[in-house]
Structure formats: structure tokens, C-alpha cells
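My questions all concern the structure below.
To keep things simple, chains are lettered A, B, C, D and E as they appear, and every chain counts its residues starting from 1.
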Amino acid sequence: MTQHIYLTILLPLLGFLVNGIFGPKIKNEKLIGIIGSGSIGLSFIISVISFFETLNLPVDKRQTIVTLFPWINVGNLNINFSYQVDQLSLVMALLVTGVGFIIHVYSIGYMHGDKAFWRFFSYLNLFIFAMMNLILADNFVLLFLGWEGVGLCSYLLIGFWYDRKFEKSTTADAGKKAFIVNRIGDFGFLVGMFLIFMTFGSLNFNDVFNRASIFNVSEGVFSLIAISLFIGATGKSAQIPLFVWLPDAMAGPTPVSALIHAATMVTAGVYMVARCSVLFASAPAVLIVVAVIGILTAIVAASIGLVQNDIKKVLAYSTISQLGYMFLGLGAGAFGAGIFHVMTHAFFKALLFLGAGSVIHAMHEEQDIQRYGGLKKFMPVTSKTFIIAALAISGIPPLSGFFSKDEILWYTYANGLWFLWVIGVITAMLTAFYMFRLYTLTFEGKSRFGSDKHPHESPKVMTIPLIILAVLSVIGGLIGIPEIFSGEHGNRFHNWLSPIFKQAERKMIIFGTHSHFEEIALMTISVVGAAAAIWFARHIYLNRPSIAENLSRKFRLTYNLLLNKYFVDEAYDYTIVNPIVKGSTSFLWKIADNKIIDGTVNGLAKVVAIISVYSRKLQTGLAQFYAIIMVLGITLALFWIILSR
Amino acid sequence: MTIPIEYYLALSAFMFLVGVTGVLIRRNAIVVFMSIELMLNSANLTLVAFSSYLGNSVGQIFVFFVMTVAAAEAAVGLAIIIALFRNKLTLNIDEINILKW
Amino acid sequence: MESNTLLTILLFAPLIGALLTMFLKNSQESLIRYFGLAVSIIVFVISLVVYYFFDSNNPDFQFIHKFRWIENLNVFYFVGVDGLSILLVLLTTFLTPLTLLSSWSGITSRVKEFTFFMLMLEFGMIGVFLSLDLFLFYVFWEAMLIPMYFIIGIWGGEQRIYASIKFFIYTMAGSLLMLVAIIWLAVYASGFLGYFTTSLVDLYQAGPTIPVSIQGFMFFAFALSFAIKVPLFPLHTWLPDAHVQAPTAGSVILAGVLLKMGTYGLLRFNLPLFPQASIEYAPFISVLAVVGIIYGALVAMVQTDMKKLVAYSSVAHLGFVVLGIFSMNQIAIQGSIIQMINHGLSTGALFILVGVIYERTHTREISEYGGIARLVPFYSFALMFTSLSSIGLPGLNGFVGEFLILTGAFKSSVLNSWLFSIVAASGVIFAAVYLLWMYQRVVFGEVKNPKLSGLKDMTAREILVVIPIFIFIVWIGLYPNTFLKLSDKSTSKVIEQVMNPGKSNLSLP
Amino acid sequence: MLNSLQDLYHIIPLLIVSGGILVSIIVEMYSKDSEKILFALSILVFGAAGLFSLYSVNNVSILFNGMLATGGNVNVFSFIFNIGAFIVTLLSADYIRKYGTYYGEYYIILQSSVLGMMLMAGAKDLFIIFIGLELMSISFYVLAGLNRKRYNANEASLKYFLLGAFATGFIVYGIGLIYGTAQTTSIDILTVRFPQLTGNLLFLAGVLLFLVGFTFKIAAFPFHMWVPDVYQGSPTVVAGLFSTGGKAAAFSAILVTLAALFNGNVGSLFTPYLIFVSALSMIYGSIVAISQDDIKRMLAYSSISHAGYLAIGLAAGNSEGTAGIIFYLAAYSFMNLGAFGIVALIEGENETNLSIASYAGLAKRNPALAALLSIFMFSLSGIPPFAGFFGKYYVFFAAIKSGLTWLALIGILSSVISVYFYLRIVVLMYFKDQGEEVIPSKSAMGMVGVVLSAILVVLLGVFPGSIINLISSFL
Amino acid sequence: MSLEILLFIVFSLISVISAILMITRSNAVISALYLILNFAGLAGLYLLLNAQFIAVTQVIVYAGAIMVLFLFVIMLLKPEHEKKFLEAKPKLKIFAVAIAAIIFLQLIYLLFFSKPSESLSPEMTKSIDSGTIEAIGKQLYTNYLLPFEAAGFLLLAATVGALILAKKKIE
């Protein structure tokens, strides 16, 4: 099956085409849903089979390259449609198709009755198609195809309800913002590709990574390459300074938020950095930057998440925050840990979003958590799965989040970045706090919604995915149990991936040795901190809501700052967007183009016309005047004759 | 022929320019035309002078043709002036300036 | 004297068609339309025959047809194709039937003249791409202005007169300078070769021997003419006017083919004829190209008129092409060639689509629209698809061209700076901004304008117009080698001519 | 002197035209139907003389004791004059009736002027040039004032006459100086003696004055001032003849004289003068034409600017220049005659409908006329594939070959400016709606003339080779 | 001072003075009469130059025929007297006179700079022969036959032309 891995790409494409072209004709939602989900399901099965096939291969033969057909061949630039199956891409493929399939199924219920049901599924399939290209690509350009493709799908799906209002503008605005911010990142990625091609003369992963180890390239060039690629990653994965699009992306239907803006697409940046680990490892300074950006994003997003009232917004900031964690891991050189967190995060964050979707569904599109409350009794499955996910993200053992998050924190600390570790722990506590603020306000306490709302549990087609994801959230971490607990097997997940990062690790400084005691102590600190935060959140929002109010009143300024997301959007508008738009309109277009350039051209014409009007006056109509002019000419000519000899 | 030819030529040039001046300053169309005749005659003087001093008759024959031309021009020119006068009742060429710019 | 008449047949078929059109009666409008379409399709088929027999492994001119035209001036009727021109010829013959089809309902008056001028235009355009004698080239280059001038002037918008005259005078000013340069070059060559000639093949040998100081003048005399046509910043201001005022068919041909003549000219003439000057001034031209990319994009962004927006986007897109040409390596020039085709397809399609909606609502103001997605789903899809192609989404055609150009420019030894490529790459961001912004304002949101309520989706005919373009958009996006292969060898030859002037041995039968 | 019957054969075109004049006088005196007969006769005469000139183009000979040349370019010129006059005659058939009067003498004078032109083209002696010039000029003065009841025509003919005679004065004076210093009036002998005369200032002044006179006739700056007034006031078809035949004949005379100067390596003696004249004519003509409202006046300024382009060929002073001038003249004659012909058709009675605005919306009312006029306008502005372009190409070529690239650049500048006013007509005809009610007169003959011009313009444009070969084979 | 020089001075004075008077008289008739006087002076100079035929023709054709035609027309049209020529557009006219003076100076400069007399040896005998009616007539009907014939057509055209333009009644 590994040789036919391209089927995992073609099947979603087929689903997209079938639904996209015939969708409007197929009135049957079920059929559309089956086509949509089925194609992903098949892809998942193929991925699983490929996974086991690969698992049975010896460690050094686990990379398979499947070439479909050549794409761009000019000079020494040879880019093919060829796909690379290895440990890393298989993990991602399983994740994408697996979680994707679950979310597809969930969507059948969630999108029930929508006018453009078919369109939704075709877009989702297109997304999976692009995402699979991204993760299976064996070269940068093909990866970029997927990279842009997922951006497009994100754009299309955010603006799916294009005639709806979203906050101050429309959903389409949010989609556009997402696409454009992503494009800014892509710009960095493009530059990175150019640099890579110039330095290594190829854009194939294998060539580039092998040559990166062999070629004598200065660290400066590596740094440039790495920073360019990282800019690409900050766009896609919503890191500072390009994180602003992700909260707005919540304008899309909730399954989209779950699939694209939580589980898969946003982690593309993490995947890419992990894929290029060799390049990053060769630029240690950039790694520090990655880590710092990661942790900053994590804490900034978490702090904003504390005060948001929109259920999806909270989850969005939480996603940004968790992505920051992943980059912290990557920056700390723990590429495997980063990918591990990608996986666990996919499980519990998808679950959170789907749960939120279920709530929103039940509450008739109401998203303000201030108007929820006490939903536990109406929606038992949703609330139970939700709390599992909340515990997982808070890092409570032995749920999946605990293992991945702790691995990242441990590597950070172990790598000597203890200050970042401190921020990481604080972020973890914040995370636990706002998650349980969310949970408490939504599912516990008294109902705060009006009598016009009749909350009810969602249909099976939605709850079963919740349950599956809940199970995964619980046990997902077990494949990555750290060495200190698992003993001789070591960290299985880590071992599985380690061939991918071998070259990178060879380039990096060996970690300082730390005792098991340190590791366990740190773990305890973070777990206790998280547990305390959970308790505190429940205490405040269940028993003493006044504390929250008092706090917000006391720290009005800070509160407002957080509520308005540090005014980052506004800052961007004032410093970048408005000047460009205004400058383009009032200077480039109205003045430079119309006045200066066109004015010069038209002015020349006008000058000629004016000269014309004046010089025609020479033609006075008087024969004698004409004769005088003639004689004048003759005089001049005679002077010329005289003077020229 | 002891007179240097320059004298004749200078005389001719002077009269030619007198004719030119007449063309440029007179307002009566007929007088302007007469000034042109004066120019032609001065030119004729040049031709004849050269012809004599060169000792070939080509110049004089040319003068003969110039006279023919002058006669023809006179006929046509005066006819034009008459035709104009019939319409406009003036010979003042300062007033003949409808066609301009 | 070689005599492969295939190209001559291709060249003159539209002319004959145009002349035959004159014999039809004014009143038989649909007959005239079908006749014009039939002629242009026949021409397309002939061009496919050319494509079929074209040998992509041969870098030299093929299907040469050559005979003495003006004996005393040693001017030849000399046509042939090579890798640089075949794609553009195909693009021309491909777009013409589509534009005729697209103006089925848009052009309702003076149909006969319209068909006549369109076919004449096709004649001129094919002639420009096939001519291998500079004199012949110039004749086609200028003659083609006339039908375009009429198309803009007769069937254009309100300010059509201003636009058409501006278009005409602007382009003519540049090309007359080129005429002087052509003569100068031929006179120079007659000293070098011993006989007066305007044959490109001969001049290729003479050009590089021009002293470098004079070569600069010659280079700019040619380049100015081409730069106006491209149009390169800051010579672009005729373009928005011409585009906005032209009828759909005019805009499509203008953007699709006419602008390519400029870039084609740079590639065909400037580089091989004046290699030293080309290398010397490549950074300068490239700076203009890059400025054009950013400038065009920024100005496009703030336009309120859909056509004007697309017109300015052309400035940006053609900037890429010029940058690629002056990067002077295989990757970039190949990218430029493919990008010329891409721009022809994408922008052509964009203009067709703007025309489709304009026909229904008679406005191109973006603010008049909004929320038409629900009313005209296929149109919305088509516009999205085309915009994405224009934005350069990987998998569609635009990406291939832009990527190759930027990659090539990045490592160009002639430009010798990353900056060109990096700044140009930022144009990729802006492309997304202005097109998506327009798309969003036109298609998304709620329907506010009551006039839009009865909007009808694209008819079968209109769909038939865009589908072939879409096929090629995807084709080039996924398998550009079909097209890259055609120009590969010829591109190498051009680079060889530039890098080793005089050494390249032009073996011509 | 004629020595044999063979010599007579060589001057058949001249004989045809001069015979035509005599027969016309007799017909005019004795026939009541002279209008139709003279028209037919003129057509016959011009057609026969023109075609025969072309047919006998290879009969190169020098006749009348070295006074007259035949064959070669002389015959090409003769062809241009006669076919031009042929077209003018066609155009006149109905045009002169617009005045409500008919003068049979019109055709006689027309033929006389053509005879004068042919003499100028064939001249090998200053005598012939002078007589030919005067024969043509005097006929022109008469033709300009033909419509004697109209004041405009009177004024035009008076201005033309006074200034023309004034210029003649300078020509005679110049010939006097040339004769005195070179001791001959024969062009061939002048050619031989020229090298010794280049240092003789008096001789140069003579040549200069002679040239000035002809600069006046070709309507070049600064001796162009009469042109707009005369063209505007004269009957339209006659103005067409002035601007084509008259200009061509004057150029033929300059070529004949300057041929002497062009021989040998001192050919560039008068180049600065010619450059000056050429550059300023082009620019001045083009610029002033922009602000004209009367189409005839506009064509007059365009004619000045074309004189400038033609003078580029003179300034270049090489055989390409000469060939270029001849070709350009042929092209210019046909396109300008076509344009004037259409103006004549559009013109209403009493000189109405002459403003440019009258052409608004012509394409709707009369697509054929509009299309034809467009062809002429494009050709005049030098756009391929029409004849005007090749003319320009040729003179630019000549200029560049002799190192006058910058003059060609000035030519370009002027061309760009001129595009504007030529296109303005096209704009009005095609892009504007009808202004005032203008009904072109129905004239089958006029249409034939215009269509013939158009065919020639296109043919010379697409196949310029044949005539270029013809011209250059005699250089 | 030989007779020749004396006669030259007399005739040239007559010519010059009558020319100047001709262009300065405000009455056209008087101008015409001065022009005739000028022509007579020129005829005298022609005789001095041994151009007998031309001298005679000058008197008969020019002074006799052409000038009579002028006078006839002047009388016919009776134009009003001109004002002093400086009254209208004085600047332009002074300018015109100045230019004419400059051209005169230029010509004089050219004349005395190139000194044509140096290359010309007065050949009295030959020139006496060349000016006779016989010599000129012979030339005219042999070498100059073509211009002679052409002049015929010229006069014919002028006649016809004058007829069209000046004829009063229109049929």
C-alpha cells in the first residue's frame, strides 16, 4: 500500500470533484456526506496499512518515495509530483486522515440542513487533499502547493457563510485576513526556498538535507534560510507576529475550526520546521528565536484567553497558545516532542472544538459563555467529553496532554532555557485556568440563557466522534511515555521518529545530563500548578463570580488590554494596513499615477497644443509679413554661407 | 569695357534690394507687383553683365526668357488683381487677410 | 529560398477571413459572427498543425518561409517559429475564437466591422510573432495598432476617444524610435556584413559587434518601444485607460496578447541583438520591473473599477515577466515565457468575466456589487478560480511562472542581488490582497444593490468561453513541461547568445 | 535639337500633353459640349501620358542639345504628375460644377501645369527648369483663383501670385549668379565644374538663392507661409494638385540641380541648410496642424510637414535619399490626392462643410468614404502597411545611412505629433455621433478617383518593391 | 574718365534714383512712370554692355508693352493714394527695410570677397558678337529651341489664364 500512498491524496481530490461538480444536483445530504467522509475514511485506512507496512520494515528502509509525474523541469531545477512516506509523514498522515475522518462524520450532523451542504464537504475534501500534499511532499515546492492549498481552503471555509456578519465585518473579511496573513508568511517561505535552491542546488528534501550535512555552508546562510522558513511557519501556525488571523478564523463553521484551525493546518508550520530540522539545527541562533517566539506566543495568547467570552475565541487563543508550546519544543531542539504535542493537541483540541460545536448547535448559534450555564444536565455526552479534553489540555496525568506538554517543558529546561521553562509553567497554569473557566461557565452552575433556548444533546453522528476523540485524548499520550516511566522501551514515539531527526541531532549540542529526580520534580511542579489553577477557576466561577468581577474592575486597564487582544489588530491597522491603503490611494494612484506620470504625458500634449495655438498666430494672413519672413530666412542663409567659408 | 563687373553687379544688387524693399513695404498690390518687376530687371542686369563679360550670349537669351515670363506674369497677375478688385474694391494688401491662422 | 508555406497559410488565413467578411451583408449579424468564429477556429487548427510538427529539440527557427519582398531594400518576407514564439502564436490563435465568442452578446452594433477588425488584429498579432525580418516585424507591429485602435474607439466606453488616442500615440511614439534603431542597426550591419539587411538571423551576428557605448542607445531605443507595450513602470499609464474603455474582446486581446509583444520583443530582439548592453542595463530594467510589480499591485489594490484593477494587476504581472527576462538564466527566462502565457490566460479570463457581469449590470464599480455568490454560483466559482490563477496559487498556472522567475532572478548572476527577487516576491502578497479583496467585495456579503436581484448566471456560451481557458490553467499548473519543453532549447540559445556574444553559431538552413 | 524619329519617340509623353493643350483650345473655342469633351480628353491625355511614361521608362536619352532628359526617373516623375493629374481630373468632373459655373479653360490650364512639371523633371538645363517652373506656377496662380467670384479664391491666388513671383525674383537672381560664376547653365557642365566652384562664395550664394526659391515651391519652412492660405482659398481639387504635383515638380527640380552638388565628395555642402529646413518644416507643420479647424488648412500644414520629411532625403544626399524622395512623392501624391478628393466630395456648395467637425459620424452615413479617408489618414501618418510608411522608412534610412540619425529622430517626434491630428479625423468619423447634417455629393467620377488613389496607396504599401526597384535602378 | 564710365554713371544714377522714387511715391501712376524710367536706364546699361538685342527688347517689351498694361490697369482700378508707408505697422516696415539693407550688404560682401572680375578678362570683340540679334536668334532656334517652344506654351497658358480671371461676363 505504501507504493499507492498517492491514493490518500487522490481520494479526497475525487471527493472534492464529485461533490463540487455534482453536489448541487445531489439533493441527498447523506450521499454527499458519505462521499465526503468516505473518501477520507479510505485514505485513513490506506494510511494505516502503509503505517503497518512501514513498521515492519527495518529502521533504515522506512523511507519510501513514490513519484507520480514530473512537474517543473527547467535547467537544474527538477521538481516532481513525488511523495515521501517516512516516519514523520506517516504520523501526520494518520493524524490528518484520522481526525479528519472523525470531523467529517461529525459535520454530517453539524451541517445538517445547510443550503450549501455539498459545498462544505467539497471544501473539506479539498482541504484534506492539500494537507496530504503538504505532509507527503518530498520537496519544498510540492509542500508549498499543499501549504498554499490549505491556506486557500481555510480562506474558503472561514468565509463559508459569506453573507453572515462576523464581529465588526463579515466572515469573508476574516477569510481574506487569514489568507493574506498566511501569504505574508508564504513570502518568507518562498524566500527560504530560493535560498535553499541557491545554496544546495535542489529543492528535494533528501538532496537538501543530505547536502546540508555535507556542504560547507556558513552558519549565516543557514540562519537566513531558517529564519525565512520560520517566518513561513509563523504565518501558517499563527505565531507572533502573524497570529492575528486565527481568532478571526473562528468565523467559519465549527468543524472547520476543529479540523483546520486546531488539529491540522495550523500545525503545518510545526511539521515544516520539524521536517527541516537539519537546517534549523544548523542555525542555533534561530532555534533560540523559535523558542522565544513560541513561548511568547503561548503566554500572550493564554493571557488573552483568560478574559474572552466567546466559546470559540477562548479555544482559538488556546490553540495559538498550544502552538506556541510546540514551537517552544522545536526551538528547544525537541523536534519529536513538538510533533508529539501536535498529535495530542489534535485529539483534545479537536474534541474541544467539536464539543463547543455541539454546544453551539444546541444553543442555536449562541457563542457567548456568559449566556450558557448548567448545560451538563442537558448534554451529558458533550460535557463529559469536554471535561476530558479540558483535563488533557491542562496537563493532568495520565491524559495525553500531560505527556506531550511535559516533554516539551522538560527539554526546554534540560536545554538550559530554564527561564522559558518558568514562563511555560505559568502558561500551563493559565491554560488550566481558562479551560476550566470555560467549562464551569458552560456546563455547570445555573442556566443563564433565556427560555427561548431548548438545549438538547446532539445526535449520534456528532456524539460518537466526540467519544472517539475523548478516548484518543485519554490514551493518546501513552505511546509517548517518557523513558523514566517506560523503562527499557524508552519513548516509543520518540524512537519511531528519531531517524528523521538524526541528522539534526548530530548537529546540535548534546543536552546536559540531568537526573531523573529533576525531571519528576519539575513534572510535579507543573501538575500541581495546573491542578491549583483548575481548583481556582472552579472556585471563582462556581462559587464566587464576584472575585472575577472585582479583579477585572481592579485591573481595568489590564483587563481591557486583554479583552481587546493587546490591540494588536488595531496596531496593525494603524501602522501597516491603513498607511498602505491610504498611501496607495492618495499618493500612488491619485498623485503619482494620475498627476505625475499621466500629468507629464498629458502635460506634454498640452504644451504642444499651446505651442500650436501660439505659433499658428505667425500665420497672420498678410502677404507682406510672409515675404518678410522669407527675406529673414534668406538673410540667415546668406549669413550661414558667409560664415561657413 | 574698363568698368569692373563688380560695379554692374553691385548696381544690380542694390536695385534688386530696392525692389525687395518695395515688395515688403508698399501696400498697393499693383505697386508691390511693380517692385517684383524691378527685382526681375535687376536680376536681368546681372545676367546681361555676366553674359557680356563672359562673352557668351546664354545670359542674354536667358534674359529674353525672363522677359517672356515677366510678360506672362504681368498678364496673369493683373488679371488676378482685377478679379480681386471686383470683389473687394481695394488693392490694399493689408486688408487682404481673410485667410489666416 | 526555403518555402514551407505552413506558416504563411497560418498567417494569412485570418486576413483572408477578414476580407471575406467584408462581402457579407451588414444585416446578417449571426452569419457574420459564425463566420468569424469559424475562421478563427480554423486558424487555431492550423496553429495546432504547426505545433504538431514543431520539433522542440531544435533551437533554431522552423517552418521558415522566405522570399524577397522589397528587393532594393533587401527586405524579405521571412517567417518562422522557434521555441520563443510558438507558444505565443498558439496563445493568440487560442484566445481569438474565445474573444469572438465572448462578445457574442456584448457587441451588438457594427458586427461586421467588429469581426473584420478582430480578424485583422489576429493577422497582425500572428505576424508580429512570426516575423524574422525586422522590417516585416515592424510593419506588423505598427499595423496591428489600427484594428485595436478601432476596437477601443468604436466599441469602447465613455472615454474611449481619449483612451484610444492615448493608446495609439503612446505606442507609436515608442515604436517609431525603434524604427530608427532598426534602420541604424541595419545600416551598421551593412558595414559589418557587406550587405544591407534587416534579417534577424543576420543581425544576430552583427548586433553584438556594436561598440558598447552605442549599444546602450540602441538597447534603449528598442527597449522603450517594448517597455511601453509591456508596459513597464513608469510608461504604463495608457494601459488602465485603454483597458477600462475597451470592450471585453479588446481588453482580452490587449492583455492576453498585445502586452506580450513587448516582453517577446525584449526577449527576441534586445537580448540577442545587444547582449553587452542588456547585461549592463539589466539591473536598471529590473529595478523598473520590480517597482512596477509593487506599484501596480498597490495601485490595483485601491481601485474602485474592476477593469482598472485588473489592468493595474497586469502592470504587476508583466513586471515579473520582465524581471525574468533580465535575470538571463534558463530558469527565469523559461518562467517568463510560461508567465506570458499564464498572464494571457488568467487576465484574459478575468476580463472576460468582468465583461460577463458588465453585460448584465452595466457597471464595473466594485461598490455596486456584493453578495452575488448566491445569485450566480458558477460565475462566482469562475471568478474565484481565475483570481486564484492570477494570484499564483500552486497547482494553477500562475505559480509555475512566478516561481520560476523568482527562483531564477534570485540566483541570477547578471542581476547579482537577491533584492530583486525578494522585493518582487512581496508582490505575491499584494496580488492576494487586491484580487481577494475585490472578489470578496463583489461576490461575498449580502446583496445590497436592488439592481442585482435579477442577476442571471453564466450562459452555456459564456461557460464555453471560460472552460477551455480553465483547462489550460490547470494543465500548465500541474504539468507545465508540455509547454516548457517547447521553449527549452530556444531559451538556451538566447542565453548562449547573450552570455557568449558572437560565439554562438547560428546554423540556419 | 531632335535628330531622328527615335528622339521623337522619347518625348511622346510631352507631345501628348502639349498636343492635348492645343486640341483643348480648339475644342473649347468651337464646341458647345466642351465640358464633357475636355474632361474626356484630359483623362485620355493624362492617362496616356502617364502610362506611356511608365511604359517607356527605359528609353533613357538626352535630347535638345543636352537640355532635356527622358526615361528613368524623369519618366517616373512624369508618371506621378500625370496619374496625379488624372486623379485630379476625375475629382474635378463634378467638383467644379459645385460653383455653378464651368470654365472649359480649367482643363487647358491643368494640362499646361502638368506640362510645366514634366519639363522641370526632365530638365538638364537651368533654362528648362526656369521655364517649366514658370509654366507650372503661372498655371497654378490661375487655378488658385479659378473661382473668380469667390473672394477667398481671389485672395488665395493673389497671395500665391505675389509671393510666387517674389520667389521667382530670387530664383532668377540666383541663376544669374550661378551663370556668372560657373559660366554655364547646363546641369551636366555644372556637375563637372562644381568641384572648382565650391570655394566661390558668389556661386554658393547663387545656388542658395536658387534653392530658396525652390524651398518656397516645396512649401518648406521658413518659406511655407503662403501654403495654408492658398490651400484654404483655392478650389479643393486644385489645392490637391498644388500639394502633390507642385511639390513633386519642385523636388524633381531640386534633385536635378543638386544632383550636380551630390556628385563628388563635397555633397554635404548644403546639408546644414537642408537639415534646418527639414527639421523646422516637420516640427512646425505638425505642431500648427494640431490647432486647425479647417480640414484644408490642416492638410496644408500637414503638407508643410511632409515637405520636411522629403527634405530629409535631400539632406541625406545619397542615392537612397533620392530614391526615398521619389518614392515618398509617389506615395504622398496618391494619399494626399485621395484625402483632398474626399474633402472635395464632402464639401458642400459655397465652400461649406470644410470644418473638421463636419466629419463627425461620417462612418455611419457613408462607411465607404470614411474607410477610404481612414486609409489616407493612416498612410499620411506613416503607419504600415500603407504607402506613407515606406516613404518615411526610406528617407529615414537615407538619413541614418549618411549619419543624420538625429534628423530622423526629429522626424519621429514630428510623426508622433502628427498622428494626433490625422487620427482626429478618424476619431470624428468613427467614434463620434453625427454633428451637422452633411451629405457627401454623389460623384461617380470623384469616387473612382478616390478609390484609385486608395488602391495605389495600398499597393505601394504592400508591394513597394517594384517601384523602388524602378527608381533605384536609375540612380 | 572715359565716355564709358560717364555713361555708366549716368545710366546707373537714372536707374537707382528712379527705382528709389518708384517705391516711395504714394501715387501708383507716378510709381509706374518711374519704373519705366528705370527700365530705360537699364536699357542704356544693356547697350553699354553690348547687348543690343536685349536693350531693344527691354524698351519695346518691358517699357512699351508690360508697363502700358500696368498703367492701364492702374487707371482702370483707380486705387486711392497710399498713405505714407510708415503709417501702418511702422516697426515691421522699418524692420523690413533693415533686412533688405542687410541682404544688400551681404551681397556686396560676397561680391567683393569673391571678386568675379579676377577670373573674367573682358573680351570685347566676342561680347559684341554675342549680343547681336543674329547671334541670339541663331542660338534661340537651335540650342534653345525647347525653351523657346515651352515659352510659347507659357504665353498661351498665361493668355488663357488671364482670360478666365479677368473676363467680365460669364456665359
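To be clear about the criterion, contacts are C-beta pairs under 8 Å (C-beta built on N, C-alpha and C of every residue); 3 or more make two chains touch, one makes a residue touch a chain.
All values reported here derive from a predicted model rather than from experimental measurement.
Following the contact convention of this document, A, B is the list of chains adjacent to both subunit D and subunit E. Shared contact partners of subunit A and subunit D, listed by label: B, C, E. If each chain is reduced to the average of its C-alpha atoms, the one that sits nearest the average of all protein C-alpha atoms is C.
The interface with the greater count of contacting C-beta pairs, when C-D is set against A-C, is A-C. Each chain gets a centre from the mean of its Cα atoms; the one farthest from the centre of subunit A is E. Per-chain CA centroids place subunit C at a distance of 70 Å from subunit E. Per-chain CA centroids place subunit B at a distance of 26 Å from subunit D. We define each chain's centre as the mean of its Cα atoms; on that basis subunit B and subunit C are separated by 64 Å. Distance between chain centres (mean CA atoms), subunit A to subunit E: 103 Å.
Contact with two or more other chains is made by residues 9, 16, 19-20, 23-25, 27, 32-33, 44, 49-51, 53-54, 56, 58, 61, 65, 69, 72-73, 76, 80-81, 83, 93-94, 96-101 of subunit B. Counting partners per residue, subunit D has 127, 130-131, 134, 138, 141-142, 145, 148-149, 157-159, 162, 166, 170, 180, 201, 205, 228-229, 420 as the residues that reach two or more other chains. Applying the touch definition to all chain combinations yields A-B, A-C, A-D, A-E, B-D, B-E, C-D, D-E. Residue ranges on subunit B touching subunit D, taken from their complex, read 9, 12, 16, 19-20, 23, 29, 32-33, 36, 39-40, 42-44, 46-47, 49-51, 53-54, 56, 58-59, 61-62, 65-66, 69, 72-73, 76-77, 80-81, 83-84, 86-88, 93, 96-101. Interface residues of subunit A, counted against subunit B in their complex, comprise 616-617, 619-624, 627-628, 631.
By the touch rule above, subunit E contacts subunit D in their complex via residues 107, 110-111, 113-114, 116, 142-147, 150-151, 153-154, 156-158, 160-165, 170. The touching residues of subunit B, counted against subunit A in their complex, run 20, 23-25, 27, 32, 93-94, 96-101.
Note for the complex: subunit E touches subunit A at residues 92, 95-96, 99-100, 102-103, 106-107, 109-110.
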